[in-house]
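Letters A, B, C and D mark the chains in the order given here, with residues in each chain numbered from 1 onward.
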Amino acid sequence: MRSVILKTATRLMVGLILIFAFYLLLRGHHEPGGGFAAALVAGTGFALFAIAEGPAKVRTAVRLRPTLIGMPGLAVAALSGLPAVFAGKPFLTGIWWTLGDPGSGQLTIGTPLFFDIGVFLAVLGAILSIILGLEEH
Amino acid sequence: MSMLLVWPILLPMLTAITTVLCRAKVGAAHWMALVGAALHLSAAVALLAAVIEGQILVAHMGNWPAPFGIVLVADYFSAVMVLITAVIHSAVMVYSRSDIESDLVRAGYYVFMQILAGAVCGAFLTGDLFNLYVWFEVMLMASFGLLVMGRRVSQLTGGIKYVTLNLVSTLLFLAAIGLIYGMTGTLNMADLHAKVALVPQPALVTAAAMLLMVAFGIKAALFPLFFWLPASYPTLPAAVAAFFSGLLSKVGVYAMIRMFTLVFTTDTGVTHHAILFGVAGFTMLFGVVSAAAQMEMRRILSFHIISQIGYMILGLSLLTPLALAGAIIYLLHNILAKANLFLASGLVRQATGSFHLERAGGLYKNNGWVSIGFLVSALALAGMPPLSGFWAKLLVIRATLESHHYAMAILAAVVGLLTLFSMIKIWAEVFWKPAPAPKDPGGKASVGGQVSAWMLAPVLVLAGITLVLGLCMEPVIRFAEIAAGQLLDPRAYVTAVLGGTP
Amino acid sequence: MEGVLALLVGLVFAAAIYLMLSGVLVRFVFGFALASNAVNLLIFTAGRLAHDRPPLISVGQEVLSEPAANALPQALILTAIVIGFAMLTFLLVLLYRTYAETGTLNADDPRLMDEMQEDDTRGTHPPERGAA
Amino acid sequence: MASAKTDPHASGTARIGLYSSLLPLGLLIGLFYCWPAVAAGKVISVSYPWMPSLDLYLSFRLDGLSLLFGLIICGAGVLVTLYSAGYMAGHPQTGRYFFFLHSFMLSMLGIVTADNLLLLFVCWEGTTVFSYLLIGFDHESGKARDNARQALLVTGAGGLALLIGILLLKLAGGSYTISHWMDGGGTIRAHSLYPFILITVLLGAFTKSAQFPFHFWLPNAMSAPTPISAFLHAATMVKAGIYLLMRFHPLLGGTTAWMCTLVIVGGLTAVWSALQAFGPLDLKRVLAFTTTMALGMMTMFLGGQSAPVLTAAATFLLVHALYKAALFLAVGIIDHETGTRQLDRLGGLGRGMPLTALAVAAAACSMAGFPLFFGFIGKEIMYAGALAEDMFPQFATVAAVLANALMTAVAAVVLLGPFAGRRPSALPAVHDPSWTMWLGPVILGMLGIVFGVNPEWVSAYIIQPAVWAFHPAREEVLLTLFHGFNMPLLLSAVTLSLGALFYGVRRPLGRMITSIAERLPLSAGGSYDTGLYWFLKGAKGITRRLQNGSLHSYMTIILLVLVAAVAWPWMQRGVLTHPWPNLGDHFAAIGVVLVIGAATLVVLAAKNRLMAIGGLGAVGTGVALIFLMFGAPDIALTQLLIETLTLIIVSLVLLRLPPLEAAKKRRAYRRVMDGALALGAGWVMASLLMGVLQHPLDRSLTAFFEGHSYLAAHGRNIVNVILVDFRALDTFGEITVVVLAAWAGVALIRKTKEPS
């Protein structure tokens, strides 16, 4: 199980998987993907990493306690609904900012994207904590 | 304005998140729980005040008009349920300070409890069927966690039944939602009110309603779907049991009342007057009979939960203004009294070292305050005038008689007597009986009757509320009559929700 | 095609229930997983299988003008899938812990059936005559 | 209690008793104040709203009947409170004692003055609860606890019957207001609900007043402290039922059913209890039986309609309250001073406690009905009443004579037993107690003589207003010491001689009665015990059967309910027709469906974990493929990823669980049953879904999302926009579930830091 080849391969793979996860997260608003898919991809990546290298390695790689990833995720999701309240709109109303000129490529950023990031963090944290917990037991 | 409906859900959740993020130590977690509960309570009071002023409040989440987005709706019924949730939540948080071991606090007791409180409010406030499902799942997961957190063997084996049977209920609920969406094309409850009448095949609506009734019936612990409740509740710490018994199973009752007044009133001859009516009778009777056979305080109380739910469903099944008002008052009274009895059971445990009727005793002599707290709630539960339970029972029985169901009225009265039987059994054994000598000579004789003030105070406060509620029932009855009127004539509700449709 | 899927839903659900009824709790887990799939399929079918085009608005357009698959049930299913996964995970851990504590996962085993059954005929006397 | 005299707290108790006697004293003075007006026929009433939406008002009404009861309650209240100050001296729970006592008294007063039936009921149950707390006051004794429970359950059951009666009365067009029917609003007798109202109200009255067959709780309730017995079980609580009968007399009385029931039940209770009074040696028990006898007599008289009968009932009520309370209090003194109240251990006390003996002598003479005593008047009027019964006058007369003769004998026993003869050597020297204790019996005993000599006062100021209050005929009531040589006088003579005879044969009679009572096939007290026993046995059995701990049986019942509940409306409305599914041109999809079906069967038949996991994976993947084929790439992707993760977690956990091979196979019949149930559940789902598919879907919600997803929510992936914007609250709840699941899982597998 713990062969050198596997180690190297997983390291490479984990990097790729994480990049893919972020890609899925960011494109999710327009193409298939989104916070869930991204978190699941990342979670699977770390799960494989943990199987190959042992859970301790994953913990050092992640640095944060997994439960402390999930909760901020929840917090981000909840708080992303609040700016609208300060703007006098109902909870969870999307607030959007447009960057760039109207002529060339525009980039719109809104609170729903932060909500999606919250989803990503929450699900990733949950998966990590349960996988690591089970691995360590 | 619309945040009034969000705060009762969001504040407990934010408290939970903050508790985790601050990596609060046990002592700090206790204090944060108290602060969170106070915030929750004030949010609930504000909501109720606003509802009384403005009848039906609606908040469109994300500013999307109904029925497209999710709405939170507060009419009289849901607002008062939110308030009572906050009251119980606060009482339990104070109580937990002494009742809950620090190991459980470290494992996230407060996180689960607060999210549970928020989710219960979510279920009371939501106006969307699928959103209701989501809140049910949040409650379920939080209760799973609280149930097995102590990891005693009895909790695990009870937990298995709780988890498996509730998962069955969840699956049925989800399937029912799918079917209802497939029939009507909507998920918004107010929208459903209009759309179910348009379904070309009415038997299909009835069948879907029955599916939903089974799903809610499991949650509400109706006969014969209640099995998970007596298997799991008696294994819980008193604080958790109080919260579960007071609120968790009542959410099922709430959902039933909501769905079977707002949406599924197309076939009341079958759904209400035949099935719910019969089920109510069996539920009342079975719960009380089984309670009489028990000797452990939490088990007696658990079976009584079932029995009392029968009264509420009886009120729903009759579907008259008086009956529904009775059901609502019964719900409110029962949440207070039942939660308090479970809290009192924790005091008994602390003072005598046991929940078991044979091994406890001497509290009447040694601790008058605990006795008062228990007796008031127990007599209220048994429906002794002038305590709150009597008025609730009076309304339900009167409504039953007015619908000419004489036998059912007699049954309801007999069940009241048997409830009294169980309550005085606890009273006679735990309070009046002298404390039994410890079996093993080395065993500690914990019969001093000393209890923690953190645990005693909420019990006395809840007992006081029960007492005051019973003596000053008039405003509550008026309130319940308006609430029942809103339920029976949902036009105002539907207009409030859908009025803004472009 | 919808009719075929309806039959499939029935079949998978029936199989799931049969597994859940088995006294073996591990089979209950399999049953639950199957049932979740069945219910998700049910929602999907109830939302009708209109088209094989995904509900994406192509670049350059502002609204989805051409017919596409029904997006709402998809969102509901996504939520249901994730919740079902969470439940399944918890159930597995619960079984694991229960097995560690009790040594059995057979629901009909007395160790799992015990619900602290108590008797009470105390405080009363067996039938006697004339004890008024 | 014997050590109480030296207790330093004794004086404190005495003070509580003295001060708190001011409450009944004040009430008594208030009643005196109202007395002249009420005696003149006025009705004093007040009313405040309490719960108007329930038609519940705090409305009170003081008429002659209320006054009679009120005087008894407050008068006895003062004396009993004073008495208790001495009797309870040194007891650690005197505060609670007086609180319960006075709460009880106020409830009782509420019953007799309430003008609103709901208010009456509230007070009625108040007496039930406080009497429970008082009967069980000696709570460390198991017997006291059981007896208190018995009294509570019997009277509580009657209370609930009464409640239903009151509600039915309202339903039948009646009113909660007593004044309403006093003013001629009584048309209930012709109503079809009348029989039910009658039965329920009588149940309430009979249980409270210990009428046959509910009479058994009263002797058992003697485990209460003696002043409580004097107050509750002689003077007040048991009279609540009598009050109820009197109150309802104008409304419900006069029918054959009413008359028959009351005369027969009352007569039976009177004779049977009088006989039973010879059995026990415990003085309190003896007195308790004589109380039920008296209650029976009153009930019997209330069955009549004419003025003489009703006058008899009202007069005897007062007579009985006076002598019985005196006797109970005296027995309490004996108990307090000697430590026993067993007849065979007592004797010769007269010399040591002359005041007590005097009081008992007066009371006993009244009870026996000797001329010059109030009891004599009561008896004369009783016979006049019995002869005037509308229903079964012969039966009533015989019952009255028999019961009174027995009473005479019992009076002799109560007086002569403890006070006459020689003092047994085991008894200590005795003396009269402190004044607070002897005051009550002496006053009550003396009143028996005062009223006996001057019956006109009583008849004019107490009895006549009382009778007029519930007997609209308003015939003049006149009590006199000597009515002339008539039938009642003859009967009195017969009574006294029979009484002497009974006293002579009291011991064999007592033995005979006891053995008869034991041999009766279904004595009521025995059936209470038997009923309770079988109820609990049955309850245990039912609970065992249903809540049996078997997940399989729970699941089976739930699924049976599911199939039945959904099938029923379909059967009623005609089964839906299922069109044969149109296969269309989705051949690839059909292939996937077949694969899913096959994989499902693999899971079903899997003999080991690997096969099952493989099958599950295939099903999940197949479902994902279906999603993908019908335009749902998002969920297809999620489904596939979840499958992978599930696989990882399942394999992490499953390795530590018992293998499938080890599991026992289901028995054949169970497999068939489970299979049928599973097919039923599957049929429910499939056929419901097919039914739904028959009609077109309203796609308006989706249309809104399709139109607004990009323009208003800036997203092209509609599914994702629904998740994070249109229905973000769902998603928020969902991630909460996920986070909680992880927390709960971690909490389950955490290492214990400290033993719990």
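Everything that follows uses one rule, which is that contacts are C-beta pairs under 8 Å (C-beta built on N, C-alpha and C of every residue); 3 or more make two chains touch, one makes a residue touch a chain.
Quick caveat, the model's predicted, so the values are computed rather than measured.
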Which of A-B and B-C has more C-beta contact pairs: B-C
Chain located farthest away, centre of chain A as origin (C-alpha): D
Centrality ranking, top chain (CA atoms only): B
Chain B and chain C, separation of their C-alpha mean positions in angstrom: 24
Centre-of-Cα separation between chain B and chain A, whole angstrom: 36
Chain B-chain D separation of Cα centroids, rounded to whole Å: 26
Between chain A and chain D, centroid-to-centroid distance (C-alpha), Å: 62
Residues of chain C touching at least two other chains: 20, 42, 45-48, 54, 56, 72, 76, 78-79, 82-83, 86-87, 89-90, 93-95, 97, 107, 112-115, 119-120, 123
Where chain D touches two or more other chains at once, by residue number: 145, 149, 536, 540, 543, 547, 549, 551, 555, 633-634, 638, 642, 645, 649, 653, 685, 689, 692-693, 697, 699, 701, 705, 716-717, 719, 723, 725-731, 734, 736-738, 740-745, 748-750
Contacts with two or more other chains, residues of chain B listed in rising order: 13, 61-62, 130, 134, 137, 141, 144, 148, 151, 160, 164, 168, 175, 179, 182, 230-231, 292-294, 425, 428
Chain contact graph, described as a line, ring, star, complete graph or other shape: complete
Chain C to chain A touching residues, read off their complex: 54, 56, 78, 82, 86, 89, 93
List of chain D residues in touch with chain C within their complex: 145-146, 149, 216, 219, 517-521, 523-526, 529-530, 532-534, 536-537, 540, 543-544, 547-552, 555-556, 559, 578-584, 586, 589-590, 593, 596-597, 600-601, 603-604, 606, 609, 612, 616, 619-620, 623, 626-627, 629-635, 638-639, 642, 645-646, 649-650, 653-654, 656-658, 660, 663-664, 666, 674-675, 677-679, 681-683, 685-687, 689-690, 692-693, 697, 699, 701-702, 705-707, 709-711, 716-719, 722-723, 726-727, 730-731, 734, 737-738, 740-742, 744-745, 748-749
Chain A-facing residues of chain D, complex: 633-634, 637-638, 641-642, 644-645, 648-649, 652-653, 713-717, 719-721, 723-725, 728-729, 731-732, 735-736, 738-739, 741-743, 745-746, 749-750
Of all residues in chain B, those that touch chain C in their complex: 130, 134, 137, 140-141, 144, 148, 151, 153-154, 156-160, 163-164, 167-168, 170-171, 174-175, 177-179, 181-182, 230-231, 234, 292-296, 299, 357-358, 425, 428
Complex interface listing, chain B residues touching chain A: 2-3, 6, 10, 13-14, 17, 20-21, 23, 59-63
